[in-house]
């Protein structure tokens, strides 16, 4: 059957955006909210339907999932070979992403009706949400890398708009600016990567790039620049773009600040969808990485591993609950990148590939849940700093329960979805690279620890006295929580390896107890430690922090990375490049122009003595000139 | 009666007169004198014309006629000049050329 | 009658009509009507042009007509357009029309203002339609001169200085041009009669030595108007001092004359020299792309920021032209149009904001989003367009330029392309800096609390400019393909000898 | 010959009128002589036979007729502009003198132009110089005017002396004063070069080329406005015509000498003229230097030594007549109405007298060579002719000079349109003749450029080496 209707999945959010954006101000707030949510509901169902038909009916032809190009219209022609097309490509990962995005986005739309109730610019909020959803969907169904880049930029800008939603808060403005510029910088790498890739392969098309025919890469593999093959450079630069969006170290600095945005936005963009775009990009280009640029792939693995550890450590020290979640997001995405990095190609070799996307799927569920739960908490206590919370479990029962589920999931407690996906990743790591496995193993423990630190600090710990007693959130907010909770419990039971694999051929996976049991144990250990520290008020954590001393301080300040960046931008770019250039332009370049004028003026002043007004002098000049000319010409011409 | 005087001598005389006139024009301060030095120049010209005519092209009289016209016009010029000098004298009570420098630069 | 003549006749008639008006109301009404007709004529031209193309008329220039003017010198009034010129005319008429509305409340000497503004427009239109280098140059000068009066009389700040600097530098440019044009004129003698006719000149292969001599004259001569580093310094001061409509017209259209002339005259007619010397100018333009962007970061005056970004963007135009492959040049043309629209939009907005806040210093403004949302949103759109957001014209232009330039076989060209791409990040930095400072954040100056939003004529002129930007950004295919077709002969001539 | 005869008769008529009119209605002479001269101008356009008189001393052909007509036009405009001035009381008894002197000088110029030998040319030259000295000193009670007169007469006496000295050598080497006989015998040798260069010095004095220009500024400033305009346009034009003709018709063989010579002179003239003009505030002095610079441009045309050159020179002078007289018309109107002659007095002139300042604007743009006014075409064709001789560098420098000149031509514009002042020149109404003259000038400025037929007509009559 044909998938023509999938075009609606793109068009409906676009329509919502245009309606809410152009005439939304005329509406009642609630109306536009309902409009947006309804639109999202429709496309959610559509994409679930698409997924069902694709995976279980028509997608698989003689044991291999097909890449179905639903439509592909030329948008801009550069040369006969190079042209940007706009189209829809359905294959396992894009369909999977459709489901993830629409699900989370729908939940967030629903949730926001309650959460954003009474905010200024409610309609604007929904317009931006719709814009984001549209761009994100366009990104995942892209048929060619340039279409992906187009929507990549759009995603960036809608994230900019949403982070800066409270545009009269300087901090929010700063954060949005930071996010945009950092990702923009990364995107520059992406763009150059595309340039290089297209120069050598002469195509943007994913089908061609990821197809079995490797001949197009010949010239690129041959050409080498600074010791690496051109394709490796291309892959690295493209990964740079991915790292920017997915906030991999060292381009991660924008993500924690991005928490300035409304919490639902954080849930949608900075937990579930946009930040995994990098993972999706690498997965999309996986054959290129694997066959043409193994070095780049290895880098991906190490960057992922490092980020996951690095972020996990920082997460243990943060007090702003959203920031804790942000860092945990970083570390989880690190997992996925690592999995991709260590993955092989085809069959069981490609376990990491499958694991990464599996984890992406489950992570979307439980991280969205965590954020929305956090949002509900913040909604209740009007603060997002841990110290001002505690013992909320009896005020917010639903939130408490769902939040707990989420924490257990992320901690990898058995039989919850997180357990399965994380297990696959660890196995993949174990198979290829013991060192990275060790790192991840450690991170699993730390994750459990900081998640439960969070959990206990919010819901247990010492009773706080609240200005006005917190109360459970309205239904529009709790329903999504419950749904997502169900998602994060059962998502793990999907036969993922049946559906998604590096070579589009289903394969079998089994639970590897040899890896699973230790990881569960370390997870439980982390939980226990957290319980010990934070179950009820105790001074233990502070003492430990004190004993760690300066290290603790460094970690608390996120290893001073932001300060470093600030130094580079403020000092270097502004003071040592831009300012001198401005000066140079005003004084040297412009000065020369004025100098010419000045010279003319002064020379005209200097020679005015020639016109002395004295007849004798006139006669003198006349005679001298006549005689002089005569002599000169007689002498030279003859 | 000028047989035996080679042409060059006469030319040298006229050349000398010419430069004398030019120098006079430049050095002299009294306008009348300046006018006289202009006359010197014109006479140098006349000598030239006549000499060339007499020595080189004796069959035609173009040089002579030219000289005659030059004299006449010189007279006219002198007349107007003197009138103007008188005018200056009325204005400045002086005919020193150094003093008519109101307009300069 | 040839429709192209309208583009000279309508402005002249309008100017004459303005003479009979009494005051501002009359003058602006007449000029709005006149330029409205001009806009309609432009639309008609575009449609009829592509109708003819569809009908299979494959002549290089359509609507060609040729009247002998100075017979003994073989100077003609020859007009004709290809699709590039058509799009340029479209751009010009939009910007001019918007400019009229942007200066809707020009109280002081209003009739004179509108007359000189339209005289400027006349020059621009004449330049784009004419195919005889003499008439082309004539219109070019016509376009340059009213600038002095416009800036000097109605400008702000150190207006006399800026006006004088601008006029003299551009005149210096035309000094170079005259020499180059005369060189072509007498060089054409080798093919029989001397001529200024672009078509006939384009059939001649000039001797290389002669090309080497005259190419710099022509290229730099037009380049000055195209803000070629280091001869761009007239532009920041000039734009900063000029009244709104004039900045719009000047940055939006007049600077394009430079780029247009560069490839239509200098490179097209002297291909060998162009290929030989491209690298020098490539380096210069690469500098001005990056340099202009960096220069913009430090500025505090909105108009200066925009002027420097214009230097950077126009630098990109020349940069792409010098890459001399179809895609890059296509990108250059699109960039001309897109930059014309968005910089006009910028200057219009700056003028409108200035007329309310009476300051252009970004540190004295803030949080204007609250008090003037329409202007603020329009400003953000302009900003996004200029930092190359997909869906707006800037993206299409820049991408085409970069892809095209990077297709160049030579490593040097690819490296400087990558250097040039840096500008898109820097652009983002200064655009966001401005947006963050003046539009977002707390309301800086309580005085601004009571300022009003855009009035109807302001909205009109803004929408006029925004619509084409969005249109180009979302559906660029037709535009780009038509330009590619028009570029074919030029590129063929340029690459013939490689 | 017809033109000269008419002028002579006209002069006699005016003389008679002077004698027979009572003191009461001398001012009628102004109108009448203007009208008569207008008639003479019109008559000049009637078809005219070519030919020689006095055994070749006097020749006339289409080109000379065109030149004379241009001069007549200019003089007519000058007459119209001098009405206000002559109607003043102190000039009341000098009216006919003025016309007499002007007409005689014009006659002298006509003789210069259509002279067939050096004697005739010399007589014409003096006839065109000496009375002008009287004209320059016309305002008996102004010391400036007197100074102008004396400076002109003395320096011109020197220059004509030098010129004659040069001619004497030409005569000595060729044995004739007739152009027709001299031309074949001219060759590049020391004596002839010397003679030629002295001759050139004399002509350069009349055209006021640097370094023979020093008298110009002072005389222009001192003389009455209308006399200045007459000097700067008519006598300069006539001199350059004569120079052109003699160079082409007589000294063609010396091309190798005079092309580099004119090259240097052109460079010096344009540059020095511009540099001096930049500083001036007195309008007449300003225009004096600007006219020097313009003379430099004229040389660009003469250099070319072909039909293109002669055409462009004559065409340029025609445009220059209209242009310069437009500016001078405004200046004289202002100076007669208010006595102000400085650029700084013109501040916010536009607000009080828009029409006059627009006329001035057009004139200045045309002088600077800005389209769409005629000056652009004039200059462009001069450049064209220079370029056709291969002097691209010279053209480049010339255009740069044009740019500098734009700088100072814009100074009055700035004063009139931009600068503000509390005491602008009061609004005043110009007399009818002035208005007519200005209209004529504007018509010229706008039409001569676009109407290529005029150029073609001149080209048809043009001549080369």
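First chain written, first letter: the chains are A, B, C and D, and each begins at residue 1.
Everything below uses one rule, namely that a residue touches a chain if its C-beta (ideal position, glycine included) is under 8 Å from a C-beta of that chain, and two chains touch if they have at least 3 such contacts.
Note that this is a predicted model, so its numbers are computed, not measured.
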Chain pair, A-D or A-C, that carries the greater number of C-beta contacts: A-C
Geometric centre: closest chain by C-alpha means: C
Interchain centroid distance [CA atoms averaged], subunit A/subunit D, Å: 78
Centroid distance [mean C-alpha coordinates] between subunit C and subunit A, Å: 37
Between subunit B and subunit C, centroid-to-centroid distance (C-alpha), Å: 65
Inter-chain centre distance, subunit A versus subunit B - centres from mean C-alpha coordinates, in Å: 98
Junction residues of subunit B - those touching two or more other chains: 22, 25, 34, 97, 100, 102-105
Where subunit A touches two or more other chains at once, by residue number: 608, 611, 613, 615, 619, 623
Interface hub residues of subunit C, defined as touching at least two other chains: 168
All chain pairs that touch each other: A-B, A-C, A-D, B-D, C-D
Of subunit A, residues touching subunit C in the complex: 74-79, 82, 84, 146, 150-151, 153-154, 157, 164, 167-168, 170, 173-174, 177, 180-181, 184-185, 188, 191-192, 195-196, 198-199, 573-574, 577-579, 581-582, 585, 589-590, 592-594, 597
Footprint of subunit A on subunit B - complex, ascending: 22, 25-29, 34, 97-98, 100-105
Contact set on subunit C toward subunit D in their complex: 69-73, 75, 134, 138-139, 141-142, 145, 148-149, 152-153, 159-160, 164, 167-168, 171-172, 174-176, 178-179, 182-183, 185-186, 213, 217
Residue ranges of subunit A touching subunit D (in the complex, touch as defined): 600-601, 603-605, 607-608, 610-611, 613, 615, 617-619, 621-623, 625-626, 629-630, 633-634, 637-638
In the complex with subunit B, residue positions of subunit D that touch it: 118-119, 122-123, 126, 130-131, 133-134, 137, 140, 143-144, 146-151, 153-154, 157-158, 160-162, 164-165, 167-169, 171-172, 175-177, 217-218, 221-222, 279, 285
